[in-house]
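Read through the structures below before going on.
After this come two complexes, each holding chain A, first together with chain B and then together with chain C.
Presenting the complex of A and B:
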């Protein structure tokens, strides 16, 4: 096999006024033809930047300051932009991006976008182009592909759009495909199909693949070699199996530990038999705006959902986006009014509980660490607010209590006067947890508390929650789409699909012997490390 | 350069090399010290303010004292001008420099007063419409449509004519006809903010609607409102000039820039400085406020770059 791509000592720097910030240093990779390479690292590690440098899509402030890129025995640095876009980009090297919702132009049909790419690089008739477009849409297994040509992007689902993106990337038969987290924005079940598709297409077309991901599980499935990046540098590279089996660098070791830890057993709470929350047949629907001469359409977000949660139990609600799991959580928290049904907390109707009392029983933790804290208040103010609103206590007492809670979630006293923009994502999530537990609630509703965080931070936050759970004896309702997190964390699982509960039971039972068809699909979509 | 060294000495913390150590306030100070347009506008505005406040106190001049023997004297740089009357005199023999100086007070009072009135009306309605939605939003949107459909200047003229002109009336009338921008901006900002997690969590910890609006929503719309505010100050000053020019604004002999222009129009061919001088003053004030407003928009925009210097 001959060398397809050889990058030597690539260095990318950001120009910011007078200073040069090096974001990627000493980036060297070697890729043979038909080989697949995975690049792993957390956000900000430079994995995407280095690939953008290869396709000359770097943001304006960034530039390649040194290094050489040799592709098919041609030094790409010697090509000017015009020739590069004509001969290499989109023809020999194609790229798939993370966000399928914004990657397609909404005002043009799928067919037009495919044709544009094909005809720009190939001097053929429109009929030939259409023929090729249909062929590639068939190859990416888009259902009803013949009709899709005249459809617009908004008529397709996220998974279908990503298939179109793949078709767009492959229409010119590239020798190298770069996939930048192509499945991160998709639901888990769709994720598996897309990865399978990319892996199949690679073999039939015979192209090389560079797969960028933060998920070691996914990378282990698809790539022969792997590169681990941290802070703009490659810390480890080698055969995927070897690296996973015997990681040399402590960072890789840490990444792997995070994955394996999720397979360990966890501390359990004392579970009492009496239920703390009773949910009975709750429903919530939304009316779409009425059109003239038509009845207003009603969409059910939650349809007749009922379950109990026992004292001290950790219960997980899983399902894909739009399955109604977050709506259920908000109804239990009293943040949304339900249409029908009953929610009882400690035997009392949720509507009958005073808001200040409810705040002391049940508290939420949200997904997005960036919107969960008000940017204009200090951490001290944010965490102390539940106390000042609900209790009459002196200022010094409140401050003492806040610092105690901050310590409990692993933040030191010096964070008291800081502002949210000075904190990292993981630290913000700790503050959000501190705010939720300062009133000593008995129930915590965690809505995807870790899915916006990097893997290493994710496991720290899970550890923290786990620790607090036993220390404070909290009942937790965990909402997640990540089965490995759920498996690690919960006693029972509720699976939701289209607003209904389709399966409920002990964690081990549901994961190992799923009964429902959808649950089976969901469980099989988990990527464990290939060994 | 001097300005920057001064700021650096005043707020050493804002120029910490480690950006993560900066509080939002530090960031604003740092960004504003690097924004040329903002510095220029702010400096000009401060000078105008100082003139308006201290000028009449320090300089012993009267805008009302008439001396009919010294009618329509030219300014000092024209032939026949003298240092006694720097900007010359008007048709009644009053010191034109003093009239423009006193007019600054009127224009600034009306500009900032009217913008405040407009802001209070607009932001209150906008935040309510955005936060509560539903029928509140519909009513407010209807009010907005009415407001936008009415010709502002004609309406203001009618009201001032009916009530009778005075500074207070002019301020309130201009304010009451200029809240549409405030409403639109604060409404859409509120709609965006109310769905963020920190508002939801404020509800979960038992904060009342009033607390949420005052503590979480309004402070976060502030950066957008302040930009509209500076814009409206300029518009209000121009509006007062139009009203005074048409004779329903500030009444003579009180000096206001608009009124000076109106009075000068008869002499436009032979004594053009009577219009040009208050015109320049008006232009300078509005430009300085707009430059400052543009700067504030850049500075308070969280996506704008932090300068390394």
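Presenting the complex of A and C:
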């Protein structure tokens, strides 16, 4: 096998406030023809930037300050931009991105976008171009691909758009495909199909692949070799299986620990037999805006959903986006009104409980810690609000209590006067949890509490929740699409699909012997480490 | 697409109907039409006689239906001031205003779109600053003043263009620049921000990763998306040119609809004024409809 790509000592710096910040240093990789390489790291580790440098798509403030890139025995540094775009981009090296919803031009048809990319690099007739476009759409297994040519991106689902995106990247038979977290924005069941597709196409086309991901599980499935990055530097590289078996660097070890820990047993609460929450046949529907000459369409977000949650229990609601899991959580929380049905908390109808009393029983933790904290208030103020609103206490008492709670979630007293923008994502989520538990609620509703966080941070937050659960004896409703988190954390699982509950049962039963067809698909789409 | 247009037409006509009612009732309630014809110092008997003669003693609703159904038969009423059918006044004056409106919008487009594109492609550069300077100046300068200055420079000091009048297209150059300049800032800034947004969009990164660059990237991949808001604003501006040309037409002595409106108002000529208000409103409505359809053509997501 011959060398396809050789990057030596790549260094990327960012210009900010007249200072040059090095964001990637000493980045060297070597890639053979048809090889697949995974680049793993957390957000900000420089894994995407280094690849954008290769494809000359770096943001304006960033620039390559040193290093050499040799591709197919050509020194790319000697190629000016114009020739690079004409000869390399999209022709020899293609790239697919994380967000398929916005990666395609909304005002042009799928066919036009494919055709233009093909004709731009190949001097052939339009008929030949159309032929090739159809061929590649068929290759990416897009259903009804002939009709798709005249469709616009907004008429396709996320998974279908990512297939089109892959078709667009592969239409010129590139020698190297760079996939930057191509499945992160997709539902789990779709994820697996896309990974499989990329893997298959690599074989048939015979191209090399660089797969960027934060998910070691996914990378272990698809790549021969792996590079682990941290803070702009490569900390470990080697054969994927070897690195996963015997990691040399403590950071890699840490990443692996996070994964394996999720397979361990969890702490259990004392579960009483009496239910704390009773949900009876609740429904919530939305009317689509009426069109002229048409009856308004009604869409059910939640349809006749019933379940009980026992004192001390942790129950997980899983499903893909649009399945209605968040709507159920919001209804129980009293954040939106239901159309029908009944929600009882400790035997009382949720509508009959005063809002201030409800706040003492039930509290939410949301997904995105970056937008849930008001940026103009200090951490101390944010955490103290539930106390000052609901209870009459002196200022010093409140401060004392807030600091106690901050300690409980693993933040020191110093954070009291800080602002949210001075905190990392994980620290912010700790603040959000502190705010939620300061009134000592009996129920926490956690809506994807870790999915916006990096893996190592994820496991810390899960540890914290697990710890608090037993310490404060809290009942938790966990909304998640991540089966490994659910497995680690919950006693029972509810699976939702299209607004309805399709399966419910003990965690181990549902995961190991799923009954419903959809649940089976959901469980099989979890990537565990390949060994 | 046809369904979309049909829907828009229905909404548009109902807005037009409402407009006709509001215009008619407003003018005929606020001003006593008999008094207006008779003049300020007419005797009570004279006014009553006119009221009977012109049928103003009938209920306002009856008169509205008479007026409104007349419009569809080409009968727009008789101007008391000019003593002519209003329709012949419109036909006389419309060509001047249409010429002025189209030429001034062309001026707007020719200046603002290229400047906006250049500014967006080179943000914070010299050309961006110059474009911003032009925008701020054009925004701050009143129309009539700019008109007078243009006459002073380009008609009197350097006699390239005629001072006033509407005999040839050449006469329309200066007024079009004056009228067109007022819309340049809004359209240019919109073009700049719109294109700047699009240039940073994910799908442009996709196009760049496929090897597109330079002007081809801008024209084939970005411009259509960035034009959407510009089209809407241009339509409103075009409507403005029809209704808002009163001052410019006066400064340059162009006998268009704007001047007709001014003269009719001064002459308390209700039949002409109410038709003009209605016509300007319909023109506005028409261009907005056109913008909606054009936008739907440009952006498939709007074709509901």
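Everything that follows uses one rule, which is that the second predicted complex is superposed on the first by the 530 of 531 C-alpha atoms of A that agree within 3 Å, B and C clash if a C-alpha of one lies under 4 Å from a C-alpha of the other, contacts with A are read in each partner's own complex, and residues count from 1 in each chain.
Quick note on the criterion: contacts are C-beta pairs under 8 Å (C-beta built on N, C-alpha and C of every residue); 3 or more make two chains touch, one makes a residue touch a chain.
Because the structure is predicted, anything quoted here is derived from the model rather than measured.
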Contacts of A:165 with chain B and chain C, given as first, second, both or neither: second
First, second, both or neither for A:144, with chain B first and chain C second: neither
Chain B versus chain C as contact partner of A:390, first or second or both or neither: first
Which of chain B and chain C A:99 touches, first, second, both or neither: second
Touched partner set for A:89, first chain B, second chain C, both or neither: second
Chain B versus chain C as contact partner of A:368, first or second or both or neither: first
Chain A to chain B touching residues, read off their complex: 16-19, 330, 333-335, 355-356, 358-359, 362-364, 366-368, 371-377, 385-386, 389-390, 418-419, 421-422, 432, 435-436, 439
Chain C-facing residues of chain A, complex: 55, 57, 81-82, 85-86, 88-91, 94-95, 97, 99, 102-108, 116-117, 120-121, 152, 154, 165, 168-169, 291-292
Residue ranges of chain C in contact with chain A within the complex: 7, 10, 201-203, 205-214, 220-221, 224-225, 298-301, 304
Of all residues in chain B, those that touch chain A in their complex: 20-24, 27, 196-198, 200-207, 211, 215-216, 219-220, 302, 305, 307-309
